[in-house]
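Each of the two complexes below includes chain A, the first together with chain B, the second together with chain C.
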Partner chain A sequence: MNCQRLKNWVEERYDVEEIKDFAKKKLVPTHKYEIWYYTGGITLFLFVIQFITGMILSFYYVPHFEHAYKSIIEIVTKLNMGWFFRSLHHWGAQLAIVFLFIHVWSTLLLKSYRKPREFLWFSGFMLLGISIFFGLSGYLLLWDERAFAAVKVATGGAGNLPVIGNFIKAFLRGGIDVTGETLIRFYAFHVSILPLATLFLIGLHILLVQYHGMSVPLSLEKKAHKEIPFFPNLFYKDLIIWLIILGIVVTLATLVPPEIGKKADPLAPAPENIKPEWYFLFLFQTLKLFPGEILGLNGEMIAIILISCGILFFFLIPFFDKKSNRGEKSPLFTWIGIIYFLYFVIMTVFGFVS
Partner chain B sequence: MKRFIITITLMLIHATNLLAQQEKVDVFPAVSYDRFIIFQTLAIFWIGIIGLIIIIKIKLKEIERIQKMGINKEEKDIPLLD
Partner chain C sequence: MKIDYSLITRRTFLNTLFGGWLVALCSGSAYALLKFAFPTLGKEPDFVVLNTKDFMNIPPNSVKPFAWGGKVGLFFKNANGTSTALKGVCTHMECNITYKPEDKKFYCACHKGWFDENGKNIEGPPPKPLEFFDFKIEGEKLIVAKKGIKVELPKA
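Now for the complex of A and B:
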């Protein structure tokens, strides 16, 4: 079957011309803040890398506490290019979370969450939460002593939530402590539950972007701005940025492959100066600020409640920011966004150096 | 004989240091030839990426030039040559 016959075969069954027409007619605004539009596309591209490398690694990984560590060492040392795919998966995850954070903050500062795009904000925020859980669950799969201690601390922290804390802790751990059961649960989350949730949310997010169109910042909304076709103009620009990102991920994966520590021993004490992954450092540092007891109450529990309230407020910002919804400038929420950003950066840096 | 015993004893003393050393897993090929091939491939990979970026950039400029001239739009009442 030659190309023309194949084209005819498809065109007989599907209205390809209509799709082509839609792609050509779809316009996107162009202005001085358009650079932030690309962060969403970059994150999507990194998710694709994660899915591909994850599928390759899953052929060889053994999700059992006795074999998990050994299987990763075999992937890295014996498998052809195994070290590279593991490294690519690691750096892809790190960069995906970096760009998700940038995407969320740019959305917040440009007030792109305002009416009618509230569900875009919620779906994006949920994707950030899922990605962080992806990171945590993937970290334990290594089954080395650092990952083991980090997951113990993270799940223990969740246990401090009032009422539902103990249930969440037991549900995540699959028991009282972090054991082989936890590894199996985290594996199930990492390779089946979270990818399905991610696919659903990405689909919904893209669908909503198509439905509402790209958001224009409040300051430029009433001014006349140029529009360019999505295809091929923006698509080609996206392609250039994806190529650069691919180059960066591959370079990092080659030059800075992630280390593997000693095999986890549930009976051994946690290694000294244990630190979680960088995206948990601000939480870790916040917990350190609180004393063990405040007015007779557990200090850690109070810290977890305050952090949860802070995250919930961040999640519900589209409902609180009434001015943006009316199309007016709301400097208060710009400042709230800046304070959140500075807190995150400062605490993460403190977490690194302390 | 005395020298031999001292040498063996010193070797054994130094060997005990190995027990304290943390075992490190090689997360990158250790053979220098493999390393050379990997770095060479990385350099070629970047050349490929830069080349592709240049091609896309040229293509995009050409598209934008055509769009500016307005010859990309289809005319509604264009006469058909049958």
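Now for the complex of A and C:
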């Protein structure tokens, strides 16, 4: 088909000039902290990889407790490139969580959540929560010993919340215990409910970024700073970084394929030296700190309530940080951010070595 | 438009009507959906019936697992040869426990919890002792039941 004719065909129906004009006019600030702007794009790119690899893995995976484990073994041993896509899905997920954490902490420390971008923070935080639930649910689909114990602890932990705890626990498990019902439920979360919620929230998140523009850190906001066009300057840089990330994921997927443990057996004891995924280690370590009983109260319930409060405070930070909302420097919240960060890092390292 | 003696306009009336309709529809649907999504909960069994041969002959200082509903139960014979049955689930976070014959203790690998032979929580995070069951032997049948539950099997 003639290209000119195709162009005309489109132009007769859509105002292409307007779109081009918009792309030309889109400017983004440039300054010494701009490197943190890329973390969002990297996460988006990794999510695209997750969606694509996940879709093709679902052609072969069987979400039933008797067949799930075997179907994964077959994916990695018998199918063309199966080992590669399973490994890519695993490493894509790991890196997505890493970059989500970097993204959330750079947002926190640069105070990009401040007025008027509260909803960007909330939608981003929800995406982080969803991603972690993605991790947990995807992990159970392996139906191996470690996943089985991890899901027992995670859902049981939610059961310790007062009042709504038992409701959440039963809802997640699909019964009173972790069984084949839980596997099907987590499969539904993993391939249908969470992806749809993610698409919606990513759409909202990007729309809001577009609406508000990129946030400039407080210290630079009032000074004059340069702006560069998004197309092509920043967009090409994004592409370069995505290519590097793709290289890293593919290298990891090829050289460090994820392991599969023994098939889950509800009657077998929890495996020795069991540890959760690294992004749960700080919670795991916190739970270990609490004794069974504190002043006659249930220790684990207190631990879960404290953790929930910590997470809720983190979520609502844009409302608590009044100073940065007024455009003033807010060192208190910088320190709070650093404390959260250090707690996470130190507990994770502790979890690794202990 | 508002009729003289009416308290509200026609617009308000219609908005309320349609708004109410929308609220009723949404809450009704949400209720039905949640009802469906929330599982009908089974409960833990009061007792299970096992085969005597399989369990009474285990060596001293060892355990043998059995299915206690969706959970694990352990049939335990201590070093003296006394048998007991208990729920093999840690009281902390519900991980399955294991018996360590060399220490004569029960151990949970998830958060490093320890229980002694009598199921008392002695180390680590577990808040409560393990739950023990009663058992009795009726010929080939080994009946493991919750403490205080009277089991009468139908004669057949």
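By definition in this document, the second predicted complex is superposed on the first by the 354 of 354 C-alpha atoms of A that agree within 3 Å, B and C clash if a C-alpha of one lies under 4 Å from a C-alpha of the other, contacts with A are read in each partner's own complex, and residues count from 1 in each chain.
To be clear about the criterion, contacts are C-beta pairs under 8 Å (C-beta built on N, C-alpha and C of every residue); 3 or more make two chains touch, one makes a residue touch a chain.
None of these values were measured; they are calculated from a predicted model.
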Quiz item: Is A:179 in contact with chain B, with chain C, with both, or with neither (first, second, both, neither)?
Solution: second
Practice problem: State whether A:87 touches chain B only (first), chain C only (second), both chains, or neither. | Solution: first
Exercise. Identify the partner contact of A:170: answer first if only chain B is touched, second if only chain C is, both if each is, neither if none is.
Key: second
Quiz item: After lining up the shared chain so the two structures overlap, which partner does A:77 touch, if you call chain B first and chain C second: first, second, both or neither?
Solution: first
Quiz item: Regarding the shared-chain residue A:254, is it in contact with chain B (first), chain C (second), both, or neither?
Solution: first
Self-check item: chain C versus chain B, contacts on chain A by residue
Solution: C
Quiz item: Does chain B (first) or chain C (second) touch A:267, or do both, or does neither?
Solution: second
Quiz item: Taking the superposition as given, does A:329 touch the first partner, chain B, the second, chain C, both, or neither?
Solution: neither
Practice problem: Would you please give the residues of chain A that touch chain B in one complex and also touch chain C in the other complex? | Solution: none
Quiz prompt | chain A residues within the chain B interface of the complex | solution = 73, 76-77, 83, 86-87, 229, 232-233, 236-237, 239-240, 243-244, 246-247, 250-251, 254, 257-260, 262
Quiz item: Along chain A, where are the residues that touch chain C in the complex?
Solution: 149, 152-153, 156-157, 167, 170-171, 173-179, 181, 266-274, 284, 287-288, 290-293, 298-300
Quiz item: Can you name the residues of chain B that touch chain A in the complex?
Solution: 22-29, 38-39, 42, 45-46, 49, 52-53, 56-57, 59-60, 63-64, 67
Quiz item: For chain C, which residues count as touching chain A in their complex?
Solution: 37-39, 41-44, 65-67, 69-72, 88, 92-98, 108-112, 121, 124-128
